[in-house]
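Below you will find the structure I want to go over with you.
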Amino acid sequence: MGYQLTQDGLRQVFADWSREYDIYAPKRFEGTGRFSETDVIRYGTVRTPEEVVWDQRSDYSWKEAVLPVCQTLLYFTEETVTEAKDPERGKIVLLRSCDLAAVKRFDYIFLQNGPEDSYYKDRRDKIKFVLMGCDHSFEGCFCVSMGTNRTAGWDAALNRREDGYQAEAADSFLAAALEKAGTPCGDVVPDGVDANDFTVTVPEDLTSAVAQSTIWDEYDKRCFKCGRCTLVCPTCTCWSMQDLYYTENGQAGERRRVQASCMIDGYTDVAGGLKFRQKGGERMRFKVLHKVLDFKKRAGYQMCVGCGRCDAICPEYISFVRCIEKLADGMKEVTENEK
Amino acid sequence: MKNNTYLPFRSEILEVIKHAELEYTFRMAYDRGAEHPVKPGQFFEISIPKYGEAPISVSGITDHSLDFTIRKVGSLTNEIFENYVGGHFFLRGPYGNGFDVNMFKGKEIILVAGGSGLSPIHGVIDYFADHMDECERLTVIVGFKSPHDILFRDDLKRWKQSGMNLIYTVDKADDDPDYDGHVGLVTQYIPEMNLQDPDNAIAVVVGPPMMIKFSIKTLLGLGFDEEKIWVSESRKMCCGVGKCGHCRIGEIYVCQDGPVFKYTQVRSFID
Amino acid sequence: MLDMDCGKLKKNAYRVTKHRGITSSRVRVPGGHLTADVLGKIQEIAETYGNGQVHLTIRQGFEILGIPFEKVPEVNKALQPIIEELDINQEAPGTGYPASGTRNIMACVGNRVCPFGNYDTTALAKRIEKAIFPNDLHVKVALTGCPNDCCKVRMHDFGIIGMTEPQFDPSRCISCGACVKKCKQLSVEALHMDKFRPVRNVEKCIGCGVCAHACPNRAWTRSKTQYFRITLLGRSGKKNPRMGVDFIKWADADSVVKIVSNVYDYARKYIDPEAPGGKEHIGYMVDRTGPEEFLRYILRDVHLPEKAEVYKPLYWNGIRYWGLK
């Protein structure tokens, strides 16, 4: 059963939801951009529908809901180690179809690849996902190519209309608020795009042999390894462990995990000075092949969800999409070299 | 929280063995062997105050203890290394696949190690040193940088006496007139192993990437069957459980799928 | 028979040129920013009244060349749409630029375009313009978006350098070190890493914003308040050319406007009555009165933010030609 909601109606729904959950949605952070007097759209807690940014893609993704930039795991003293309790309430995460597809990738790593990650699970179990319908593609979106344009599994879905919203909920808690504030209407199908401005094709014959091609070389100079592409990526899950000591003698402190990036220096450094992938091209290759080859080999489906954030954020205008387009040439090159 | 993978347990330091200026073995109490048996080649994440957590291979296993051989790097203080008996570390593990000694039984075994690469196969050598009758023949070739860097001196002596073919060598012995071992890279001594039964042989190579690469090249050059070569890899690891991403190579997670791999698999790894 | 009041001509923003009877019209563009249609109008004036040539001035203006004296009234009328478009303070429409003593307020391209600009330089230039023009006293003001000082503001009486107070959110920091690296490479090494986090040396920091620009995860951002470094009394010229010195660090925009506006009372009081054309470098007056008196005037009714640091004592060095004190 779907519901029609006015702006006031959704405001009431948000108020109801907020009683038990934090509503986590793309939000404008004024003046926090890289350049002065520019804004950043990233996830944060909202209390009203007016705070939710609908008309542009968020620069950063939903992923901080399950993998905070910094997350304390343990506290320790000389004698003891104790778990950091996650004090947070559950979250209602508003996200697009591509990002909902990314949740599956996160679940794969944190719940299936090796033992379950209890910190992840704890947060994940307390999340309800509200799909924000897409009535059009943003610049650089390629969800259709990656098959993430209509993702199932939402707890509620919300379409924005000129005079309000349409909503549908699979989850009873979310539905209760809709019922209270909305007018029943027929079933609501979440808005989704069926075509983007362009399509991206990952070559069918792609193998890791493409690593040997020269297509990566240009990135040695172009990429300065800032890692923005991975930080905004809704499917990048990497993190590093940090031990922080409060006392000089190192007897009390905390252990936390912090988002990490295979594009940033230090990612592979081991004690003793061994490092891998020092060049920008090597790091680009490692990242790109993970997104469209390596993850699939392991999990059975592509990692990249086609949100386009990496292309939008790159300060050097390096396009992931353009790089995918070059893979076919790369394969041709290595196949010919083998002959 | 249930099943917190990252929550370490406390382990007392029973003994600290100094091998070289920078390398020490910590003998740690371990009484979980029944529930969580440990194999050579597996590793633990060890919390060392002021240093953080690091993945360290088990270099010795007894019913009640585990050995970890740690190279002192960077910020580690002498205090931690020298005055730590009676103290404790926090551990979590074991992680990784490790070596199953059964796969070596009845075979002609060749173990090649560089420096602290000896740790992951230390348990294998120990086992066969005590059970020489369970293998056809055992050759161990170990390389160190200099006589000062030699690890497990007491073990080397003991092993020598067990009847195995033990060759240890140093890259350079310039400043040590007392050194009586070989000089040169391990690859120089691989041809001297005098392989008896190629069809029934198995080899393991552990060490820095370059050393692994050239040792295998040498083995293959001698006609060694590539299917019978094993390697133990080491990469940066923050979790040990397939989550942090640092140890990934292609679709492989070293912590989950390794660190012990067949050479035929490692061959295709592109870091 | 040529008869021209050269004083009036000059004050009307025309130049007495080396060519007899030929003048040139100086079109100021406050903040250096204009719509392209102004260029069309300049072209039209140059082709209709001048010799078809235009010189780009060093102070972000246009000098329309080769105008016969008798065309001045017509040129003034033709300048009117430009003056309106550029929002120049004017007393009587159709009379051209009303004064020429206080020079065009220059600005680098600022944050309308430049990634490093810490504020809208043109907007602040226009705000100062509104406060001080028209004026015949010789005052030079220049604005630059960040401490790179592309506008060379230290060569002016008042140099305004954009600053931001870096804001650090540790919960967004991934310890990548980009800020520390960039601060070292491009700025003053005010950051260092301690316990996986950058630590900012507040004394050293010049508020350039490189950290906020470098941060990949929005851990470093800019302050909501825009701050400014004000430098004083840089000058070129024949007597003791010199760079402007630091006056106030972490000033706000209101203080900037007030301080610049205050200089006119001082100049009216202390200008050399014999100064040729009624124009004299402010710095020459300060050489006579000493800086204390000057500062007393320009800080009158200025309410600096708490953060502001006023440098003292002020000392200028610069080039000293042989034999001059």
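Just so it is clear, A, B and C label the chains in written order, and each chain counts residues from 1 on its own.
Everything below uses one rule, namely that a contact is a pair of C-beta atoms (placed from the backbone, for glycine too) under 8 Å apart; a residue touches a chain by one contact, two chains touch by 3 or more.
For clarity, every value in this text was computed on a predicted model and none was experimentally measured.
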TODO: Note the connected groups of chains, using the touch definition above, after excluding chain A.
DONE: B | C
Open item on the list: With centres defined by CA atoms only, which chain is the most remote from chain B?
Closed with: C
Task: Middle chain, criterion being Cα centroid separation - done: A
Task: Rounded Å distance between chain A and chain C, as computed from the means of their C-alpha atoms - done: 45
Task: Centroid distance [mean C-alpha coordinates] between chain C and chain B, Å - done: 68
- [ ] Quick one: report the Å distance separating chain A from chain B, using the average Cα coordinate of each chain.
- [x] 38
Task: Two or more partner chains touched - positions in chain A - done: 240, 242, 245, 260
Open item on the list: I need the residues of chain B touching at least two other chains; which ones are they?
Closed with: none
- [ ] State the interface residues of chain A toward chain B in the complex, per the touch definition above.
- [x] 73-74, 76, 79-81, 83, 85, 109-110, 113-120, 122, 208, 211, 237-243, 245, 249-251, 255, 257, 260, 262, 267-272, 274, 276-277, 286, 289-290, 294-295, 297-298
Open item on the list: Applying the document's contact rule, which stretches of chain A touch chain C when the two form their complex?
Closed with: 29, 31-37, 40, 42, 60, 68-70, 226-228, 231, 240, 242, 244-245, 258-261, 264-265
Task: chain C - residues contacting chain A, complex - done: 111, 115, 117-120, 162, 164, 170-178, 195-196, 209, 212-219, 221-222, 224, 226
Open item on the list: Under the stated contact criterion, what part of chain B meets chain A in this complex?
Closed with: 1-8, 10, 47, 49-54, 71, 73-74, 90, 208-209, 234-236, 238-239, 241-246, 248, 250-251, 253, 255-256, 268, 270-271
